[in-house]
Amino acid sequence: MDVLYFAWVRERIGLPREKVDADVATVMDLVEVLRAREDRYDAAFSDLSALRVAVDQQLADFDAPLAGVREVAFFPPMTGG
Amino acid sequence: MDVLYFAWVRERIGLPREKVDADVATVMDLVEVLRAREDRYDAAFSDLSALRVAVDQQLADFDAPLAGVREVAFFPPMTGG
Amino acid sequence: MRIAVQEGPFDLGAEADAFARGRCVSGAIVTFTGVVRDVAGGLKAMEIEHYPGMTETALTEIATEAERRWALEDCLIIHRHGTLAPGEMIMMVATAALHRKDAFEAAEYLMDYLKSRAPFWKREITGDGAEWVASRDEDEAALTRW
Amino acid sequence: MRIAVQEGPFDLGAEADAFARGRCVSGAIVTFTGVVRDVAGGLKAMEIEHYPGMTETALTEIATEAERRWALEDCLIIHRHGTLAPGEMIMMVATAALHRKDAFEAAEYLMDYLKSRAPFWKREITGDGAEWVASRDEDEAALTRW
């Protein structure tokens, strides 16, 4: 699936999007897979309360299932308006 | 002093303004003097709860004093905006 | 602060542009525009009577009180009188503030007071004749909020 | 309903005019405009990042919910992204309704949701560097009102 990063999450991880092929059931599983990769991922995901997630472009929780999902995005709380 | 009428009060009394020289202490005294004049005044002032009053262009109560006042206006509740 | 009481039309776009132009402190600009509505159909015109002299004083006092209660950078009131057709703009207010809450609340305050405390009276002209618009209890009740 | 997500500027006056033009049912039109503010001084630019695709979806959902909750004749959201200078307009919303209460509440609802539920992220560029604007607890708290 496509994994996207925005704002300081993008900066900390160092790229805006990547393809991730992993056998993960939930967003939280995906987070664990990413954190295990490298320090920059581990740092980006160190405080999940500072992060928001969207699954197929809809805001979701970290326990949201990923079956059939094409796109997951991680970002800080939004500051629109 | 000048006495002004607006909206349906103006229509019922039949004129927009007039000079009234009367020895009146309060707005209520002025109302009594006017009501005693003619039926059209009596009709216009028959329900004071449907009327508002301004003394020298400031909203006031019917017991407001008239000493030194130059202008009194009677009108229905305002419908601006 | 700018207060305008006028018979002729105003240009919402030009007024909004002029009010908003070059603001670097205010992050929030709210406008409210009132339009002559013809809900039932059959409205030919809306006549607005006012009390020259008191109108300007009342609007200035209302705007001054809004600037006292909220942290506004600026505010604007334009109100027309005379004969208006359905769809014409009757009035507008605009507020500029650092925060959106102040701008919104001040604009609502201006509108609530304009409705019941500024000396305007509306009359609707239809094919059946002319009728003064009655004040609404809910407009009076709205003032208790402030 | 119109939703626009764009990099270029918009013309508040022209948008407000077009939105308001010819309304005979709506008596009440509210606009809110957000401006890049430089309160402390020294702001060089505001950069706004967004999530193409999700942004449009989120704004449409927010506007649709507003139209479901209030009796709106129409609503408009314009939001920019990219690099903006202090004083530039970031976004606007507009609402048209029969009654002013609906128009005001719907505009405030749109703003509250835009602040915390639309995928935009602001970064301030000053002489000292760049800093992501932190979300404010009071913006999140504002959602509990609805």
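When the chains are written out, they are named A, B, C and D in that same order, and each has its own residue count from 1.
FYI, contacts are C-beta pairs under 8 Å (C-beta built on N, C-alpha and C of every residue); 3 or more make two chains touch, one makes a residue touch a chain.
What you are looking at is a predicted structure, and each value in this text was computed from that prediction instead of being measured.
Asker: What is the minimum number of touch steps required to go from chain B to chain C?
Answerer: When the steps are counted carefully, the minimum from chain B to chain C is 1.
Asker: How big is the gap, in whole Å, between where the Cα atoms of chain A centre and where those of chain B centre?
Answerer: 72
Asker: Starting from the mean Cα coordinates of chain B and chain D, work out the distance between those two points in Å.
Answerer: Chain B and chain D have C-alpha centres separated by 48 Å.
Asker: Can you work out the whole-Å distance between the CA centroids of chain A and chain D?
Answerer: Spacing between the chain centres: roughly 26 Å.
Asker: Check each residue of chain D and list the ones that touch at least two other chains.
Answerer: Within chain D, residues 34, 100, 111 contact more than one other chain.
Asker: Among the residues of chain B, pick out those that touch two or more other chains and give their numbers.
Answerer: 81
Asker: All pairs of touching chains, please: list them by chain label.
Answerer: Touching chain pairs, listed by label, come out as A-D, B-C, C-D.
Asker: Touching residues of chain A toward chain D in the complex: what are they?
Answerer: Spelled out, the residues of chain A in touch with chain D are 4, 6-8, 54, 57-59, 73, 75-81.
Asker: Quick check: in the complex, which residue numbers of chain C touch chain D?
Answerer: So the residues of chain C touching chain D come out as 11-17, 20, 22-39, 86-87, 89, 98, 100, 103-104, 107-108, 111.
Asker: State the interface residues of chain C toward chain B in the complex, per the touch definition above.
Answerer: Checking each residue of chain C against chain B gives 34, 49, 51, 53-54, 57-58, 79, 90-91, 111, 114-123, 132-135, 140.
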